[in-house]
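Each structure below appears as structure tokens.
In the two assemblies presented below, subunit A is common to both, partnered first by subunit B and then by subunit C.
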Partner chain A sequence: MSAAGEREGMVRRLSHLDRRIIYLIVLICAAVPLVIGARVELSVGPPVRSLYDAVDSLPPGSYVYLAADYDPGSLPELYPMNVAFVEHLFSKDVKIIAASLWAPGPPLSQRVFDDIAPRYGKTYGEDYVNLGFKEGREAVMVSVAENLKGTFPEDYFGTPCGEIPMLDGINSLRDVSMIVNVSAGYPGIKEWVQQIATRFDIPVGGGVTAVSGPEMYPYIQSGQLVGLLAGMKGAGEYEQLLEKPGLGLAGMASQSSVHVAVIVFIGLANLFYFLDRRKGR
Partner chain B sequence: MRPLTIAAGAASGGLDGHVLGTWVAAALTLAIFSFLYKDNPVYKLAEHIFIGVSAGYVVCLEYWNVFVPNLWNPLVSGGEFILVVPFALGLLLFTRFSPRAAWLSRWAIAAMVGSYAGFAVIGALQGDLIAQVRAAMIPVYSADAAASLGAAAGGNDYVFALLAVLQNPLTIIGLVTTLFYFFFSREHRGGLGMASRVGIWFLMISFGASFGYTVMSRVSLLIGRLHFLLSDWLGVIR
Partner chain C sequence: MKTEVPVVIAFVAGMLMIVSLFSPHPVFAGPAAVMRNWAIVITAFAYVLGVANIARISAGTVRTRGRDWRYKVVLLASLGGMLGIGLAGGIQGGGLFDWSYMNVMVPMQSTMFSLLAFFIASAAYRAFRARSVEATLLLVTAVIVMLGRVPVGERLWSGLPAFTEWIMEVPNMAAKRGIMIGAALGAISTGLKMILGLERSYLGSDK
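Let's look at the complex of A and B:
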């Protein structure tokens, strides 16, 4: 076979590459950096920096409403954010009121508290509380903004909110300094902005899955969000600022290597497309 | 870092339950991944287990977290008889099982649609329309951003400062030209055609950014599962 024929055959084989080989390459690109513990240095963007600064400037003893509106389906992106927020808030001695508008949210919040609270010597009911899940979406947001204990008469464990010491004097979201939302979709950060940030003038910031990121950036420019983490990269940037590496930073080397593979695949696919087209002429 | 396993028994701290849960989760993960090779009965089994468990979990959770504390207890123990109204509306939803009585469910659906439409309209007006229009009224030249650029030390700081200077003009050009693209009362020729073509470029860039973020999100899910398999299950990474 001539050299031109061999080249043409190779191009044809590559342009009809079995998709399972592509899956395998992506799998290797994602797994190897995890196994060897590769790390990448992230450049922290302004949306992450501004959220970090806003949380960092909260005075000790102030309250934050941590809305854990996510589920295990978005765990890899949002759980590291939840961990980073709780680490940061506990390190600043800020009291956390956690609640969720997503049914699977409260056990995830509790898991974060169980992991982190002992390290900071925080006590349930005095330094943090988990109010659990409440159905009702935007209606619950508005309701909790006006009457916290009426909306959540009991916490996640069935304790009446009137018997929880840290909730003395906390009657509505007007009594908290900030709402931090970990949001996987609807209801989530967009609804917190629409229903609460603008109407009740309470600062809102938080983290979203990367898919939702572009939709939320206009709220930063308008000042309706104090800051935003988008996807695993956002979580990694926050962990870097916090100097507490977690899954966000650990996953970014894998993320980058897969991105390089995807870019190479796109480049090759376009190359083969144009070679095929030229041959057709 | 504590394992990310959301597995049976893990919450109780029982070692056996945790190990069993990890193995079950790992087996189900691999069963789902097997679809990448080709469709097969093991994948179908995992898919059916997922759907069944999810449905059962949601029903139990809604019953104990919503129906009992929000309706049943206040109605039966608390004497809040006004709750008979939402209870009756809720029951009407079940009339959809009977074609002759299905029309009654429209009352409950009307109440839900009406209330949520009200919330959505308020949110869209206050949170989106007014706030976003106000945020779009910006000067082309930002003196603060220019001052930050002058003070930037270099490297990433300089890049971010430069982007901040370009942000306002780009936002204005993108907003106006994209609006022109969606202006259909005149044929897109001449100046309008040129502006709408620039608008298409802005739209394409935003679609590209959205797609890039979507890829990142999906890769994150893969990394999360791999992290679980390699750390919690196999113990290859710590």
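Let's look at the complex of A and C:
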């Protein structure tokens, strides 16, 4: 075979590279930074900073409604945000009322509380509460905004809300200073904005998966969202502002190298595509 | 009557919810709150319907040894198992139900989501080609945003994160806003047609 023919064959082989090789390269790019504990420095974007500032300006003793509307499928991206929010709110002595419109949400937010509350000396029922799950989507949002205890008569553990000390005097979402939502989709942050933010004049902010981020930008610009964390990068930026490196920053080195690998794949694929097409002419 | 009564109910319910949005007067707010509670209860019953349906279909597949019947056995066993554990010991944190959820469901779902990285990398290599001007624009924008979202991009050019943010806040937002306004107008139009009885497909296909 001539040299030109060999080159042509190689280009063709490379443009149809075995997917197992691609998987192996992605695995190496994802795993190595995690194994060696690589850390990266992130530049903080305006949506993250404005959310951080909004949470940071909450006075001690105020209440935040933490809507954990996510499931294990989006856990790698959203759990670090949930952790960062709870860390920030506890450090500011803000009381947290957690609830979920996603059935798999309550155990996840409870795990965050169980991990973090002892470090800040916070007590269940006095500093934070988990109201559990309620089906009904937007109807529940409006209902809880008007009558919190009527919508959630009991907490996640079956304790009547009337017997929970921190809920004395908290009758609706009008009594909380802010809604912080960790959102994996529908119902989520978009619905909290549409149903609650403007209608009840309650500030809403939160975090979403990276793929949902672009959809939320109109709400940030209109001021209906006080801020937004998009994907693991958003969580990492928030941790950086909080000066508490956690799962978000730990995962960013891995995500960065996978991004670079994907970009290289796209570049190579297009290079081979053009070489192949030029040969075809 | 079979048509008129549901249309009247839809009209009264729809108008009540719209008016209650603009007026907090108890005449509207009270009944609206009651109807929201009804909606919550009805939505919750959809779960019962869903579980009964999946159990019925899966049991039928197992009985006839249909396609993937072994997976259906696992599904029914898991469904029955979790249901039994939840009914017997409750679903609160710290119990067997919670343990099973945290140690089976959470790792499995996270694994499924994590596999996306591999599929996306493979798909990007195979399908993301600059075949036309539009595809090239999409490709270049995607590469810029991907690079701008990771620290490596900032190392290459310090202005890249800001440029990425501009892409998100200007061209992306213009398109998103257009889509959202269009979808909202469509939803308003469909809602009004249903409330006014002009759209009756929810009553059945022949109405």
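Assume the second predicted complex is superposed on the first by the 276 of 281 C-alpha atoms of A that agree within 3 Å, B and C clash if a C-alpha of one lies under 4 Å from a C-alpha of the other, contacts with A are read in each partner's own complex, and residues count from 1 in each chain.
Simple rule for what comes next: contacts are C-beta pairs under 8 Å (C-beta built on N, C-alpha and C of every residue); 3 or more make two chains touch, one makes a residue touch a chain.
Here the structure is a predicted model, which is why all the values come from computation and not from measurement.
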Touched partner set for A:S172, first subunit B, second subunit C, both or neither: neither
Subunit B versus subunit C as contact partner of A:S43, first or second or both or neither: both
A:L247 touches, of subunit B and subunit C: first, second, both or neither? first
Which superposed partner A:A30 touches (first subunit B, second subunit C, both, neither): both
Partner chain in contact with A:G223 - subunit B first, subunit C second, else both or neither: first
Partner chain in contact with A:V193 - subunit B first, subunit C second, else both or neither: first
A:A269 touches, of subunit B and subunit C: first, second, both or neither? second
Partner chain(s) touched by A:S62 [first = subunit B, second = subunit C, both, neither]: neither
Partner chain in contact with A:S91 - subunit B first, subunit C second, else both or neither: neither
Shared subunit A contacts, counted only where both subunit B and subunit C touch the same residue: 23, 26-27, 30, 43, 45-46, 72, 74-76, 104, 107-108, 111, 134-135, 137, 139, 142, 199, 210, 213-214, 218, 221, 231, 233, 255, 258-259, 262
Partner subunit A, residues of subunit C touching it in the complex: 21, 29, 33, 36-37, 39-40, 43-44, 46-47, 90, 92-93, 98, 101-102, 105-110, 112-114, 117-118, 120-122, 124-126, 128-130, 139, 142-143, 146-147, 149-152, 154, 161, 165, 168-169, 172-173, 176-177, 180
Subunit A-facing residues of subunit B, complex: 1-2, 4, 6, 11, 36-37, 57-58, 61-62, 65-66, 69-70, 115-116, 119-120, 122-124, 126-128, 131-132, 134-135, 156, 160, 164, 167, 171, 206, 209-210, 213-217, 219-227, 230, 236-237
Complex interface listing, subunit A residues touching subunit C: 17, 19, 22-23, 25-27, 30, 40-43, 45-46, 71-76, 104, 106-108, 110-111, 114, 130, 134-137, 139-140, 142-143, 146-147, 151, 156-158, 199, 210, 213-215, 217-218, 221, 231, 233, 252, 255-256, 258-263, 265-270, 273-274
Contacting residues of subunit A [partner subunit B, same complex]: 20, 23, 26-27, 30-31, 34-35, 37, 43, 45-46, 72, 74-77, 79, 103-104, 107-108, 111, 115, 132-135, 137-139, 142, 153-154, 190-191, 193-195, 197-199, 209-211, 213-214, 218, 221-224, 230-233, 246-247, 250-251, 254-255, 258-259, 262
